[in-house]
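Same chain, two partners: chain A is paired with chain B first, then with chain C.
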Partner chain A sequence: MMFTVAAVGVVVTMAMALARALIGPSVYSRILAVNVFGTLAVMLIAIYGFIDDRPEFLDLSIVYALINFIGTIAVTKYVTYADMGHGDDGDPAGDI
Partner chain B sequence: MEAALDVLSWIFIVTGLAFCLIGGYGLLKMRDMFARLHAASLIDTLGVGFVFIGLMFQVGFTLVLAKLVIVLLLIFFTGPTATFALARAAINHNSLPAVDDADKKLAAETKSTDRSQGGIG
Partner chain C sequence: MNLEILSSDLLNVAMLAFMGVTGVAIARIRNLFAVVMLSGIYSLLGATLYVILDAVDVAFTEAAVGAGASTVLMIGTLALTSDREKAMPNSNAWKGLIVCALVGAALVYGSLDMPLFGDPMAPAQQHVAPRYLNDSMAEIGLPNAVTSVLASYRGYDTMGEVFVIFTAACGVICLIGRTRRRPAKKSGGDK
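Right, the complex of A and B next:
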């Protein structure tokens, strides 16, 4: 019961994030919404593991969290420079 | 003991879900990308944090608890990092935060008082 309520709440929030990703308007808003969607997917996978009484799903959560972070950074960099191999141009704060 | 842990779980999970829903609503309603970043950070930190702490009460001291802690720490550190990178990329490329007249007036007043006091501005 508890986990079902949690899963429903997470799915509703995922729908909101997906709506923002669809209506945009700027590309950075879309990236932000997809990032949030990924974070909520991590939560949903973990909660589903509890619903089904198979905690092994947490391993998938870990992998999904890692891919979500790398993916957000990569898409941000690609959108900004149209080039994944762009250097930091001597900027001490880095390339993004 | 079992019932007490269940009650604690309920409290934490419902709090986390409230933060998630508020964050999602803000993501839809805020007027520009930088305001939406605030709402998104709410989900990344408080929403995920409370829900995962609620889940932790259900598992006891097992390997599952360690995995929950790992996922929680991962999201705690990567979420703000991704938000920062996104905000910096947006600032560097064309989109600045939207300001209205009240904001501009406030900025002008702050600047003039700094100058009169010899502040760093």
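Right, the complex of A and C next:
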């Protein structure tokens, strides 16, 4: 019961994040909407694992969180430099 | 138990509804940056749906390729081109809609013959699946049957796939390289 209520709450929040991604006038609101949506997908998979009595899904949701991070890095790099091949200017740390 | 089935149905319906809304929005929005963001959301929804349908490995691939790699690739394409789509006068929109509706109807008609989801009498569950599920623990010793199929029963197949991916990665590195990096200073010398 508790997990079902939590899943309903996550789905409602997903609807709100999706609305922000659809309307979102600025670039940043859309980036944030996608980021929030990825976090909500992670939470939904974790909750579904407990609903279905398979808490091993927690591992899967951790990997999703890592993937979500990569996309956000690429998007913020694009917004900052408007170029994915931004040089490292001789910095030994690379273009991180 | 009923509540579990109910919540699983609710999640299915909610994910499919979100995917429908996102798909229509992707087709209609002209700001391509927003389209890339929405396609990332679409992949996450698809991955969640695959998890609910018990296809955990497919869901993982969808999340890694759809939400991770293809978002990065499309953002890179936007950086090289433009993030506005030219509005084309489309007089063939109705023809396209009719073709899509016909193909969709044919696919739905074809799916009517398929066994129900999770049907234990389906041909896919009758052939080699019982052997994998019953004997893989004794034969391979891995708790996850999917892993033992991929890594041991079909080990040569998986090794071939790894070779293909490795070759593709080598080709991409040869083509792209790191030409944007500044050449190292000559005076330092290299040991």
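As a convention for this text, the second predicted complex is superposed on the first by the 86 of 96 C-alpha atoms of A that agree within 3 Å, B and C clash if a C-alpha of one lies under 4 Å from a C-alpha of the other, contacts with A are read in each partner's own complex, and residues count from 1 in each chain.
Definition applied: a residue touches a chain if its C-beta (ideal position, glycine included) is under 8 Å from a C-beta of that chain, and two chains touch if they have at least 3 such contacts.
As the structure is a computational prediction, the values presented were derived from the model and not from experiment.
Novice: Can A:60 be said to touch chain B (first), chain C (second), both, or neither?
Specialist: So A:60 only meets chain C here.
Novice: After the superposition on A, what does A:51 contact: first (chain B), second (chain C), both or neither?
Specialist: second
Novice: I'd like to know which partner A:31 touches here: chain B for first, chain C for second, both or neither.
Specialist: both
Novice: Should A:80 be classified as contacting the first partner (chain B), the second (chain C), both, or neither?
Specialist: A:80 contacts chain B only, not chain C.
Novice: State whether A:20 touches chain B only (first), chain C only (second), both chains, or neither.
Specialist: Only chain B is touched by A:20; chain C is not.
Novice: Is A:11 in contact with chain B, with chain C, with both, or with neither (first, second, both, neither)?
Specialist: In the superposition, A:11 touches chain C alone.
Novice: Is there a shared patch on chain A that both chain B and chain C touch, and which residues make it up?
Specialist: 14-15, 31, 33, 68
Novice: In the complex of these two chains, what residues of chain A are touching chain C?
Specialist: Chain A residues touching chain C: 1, 3-4, 7-8, 11, 14-15, 18, 21-22, 24, 27, 30-31, 33-34, 37-38, 41, 44-45, 48, 51-52, 57, 60, 63-64, 67-68, 70-71, 74-75, 78, 82-85, 87-90.
Novice: Spell out the residues on chain A that touch chain B in their complex, using ranges where they run on.
Specialist: 2, 5-6, 9-10, 12-17, 19-20, 26, 28-29, 31-33, 35-36, 39-40, 42-43, 46-47, 50, 55, 58-59, 61-62, 65-66, 68-69, 72-73, 76-77, 79-80, 93, 96
Novice: Along chain B, where are the residues that touch chain A in the complex?
Specialist: Touching chain A: residues 6, 9-10, 13-14, 16-17, 20-21, 23-25, 27-28, 33, 36-37, 40, 43-44, 47-48, 51-52, 54-55, 58-59, 64, 67-68, 70-71, 74-75, 78-79, 81-83, 85-86, 88-90, 92-93, 95 of chain B.
Novice: For the complex, give me every residue of chain C touching chain A.
Specialist: Checking each residue of chain C against chain A gives 3-4, 6-8, 10-11, 14, 18, 21-22, 25, 29, 33-34, 37-38, 40-41, 44-45, 47-48, 51-52, 56, 59-60, 63-64, 67-68, 71-72, 75-76, 78-79, 180-182.
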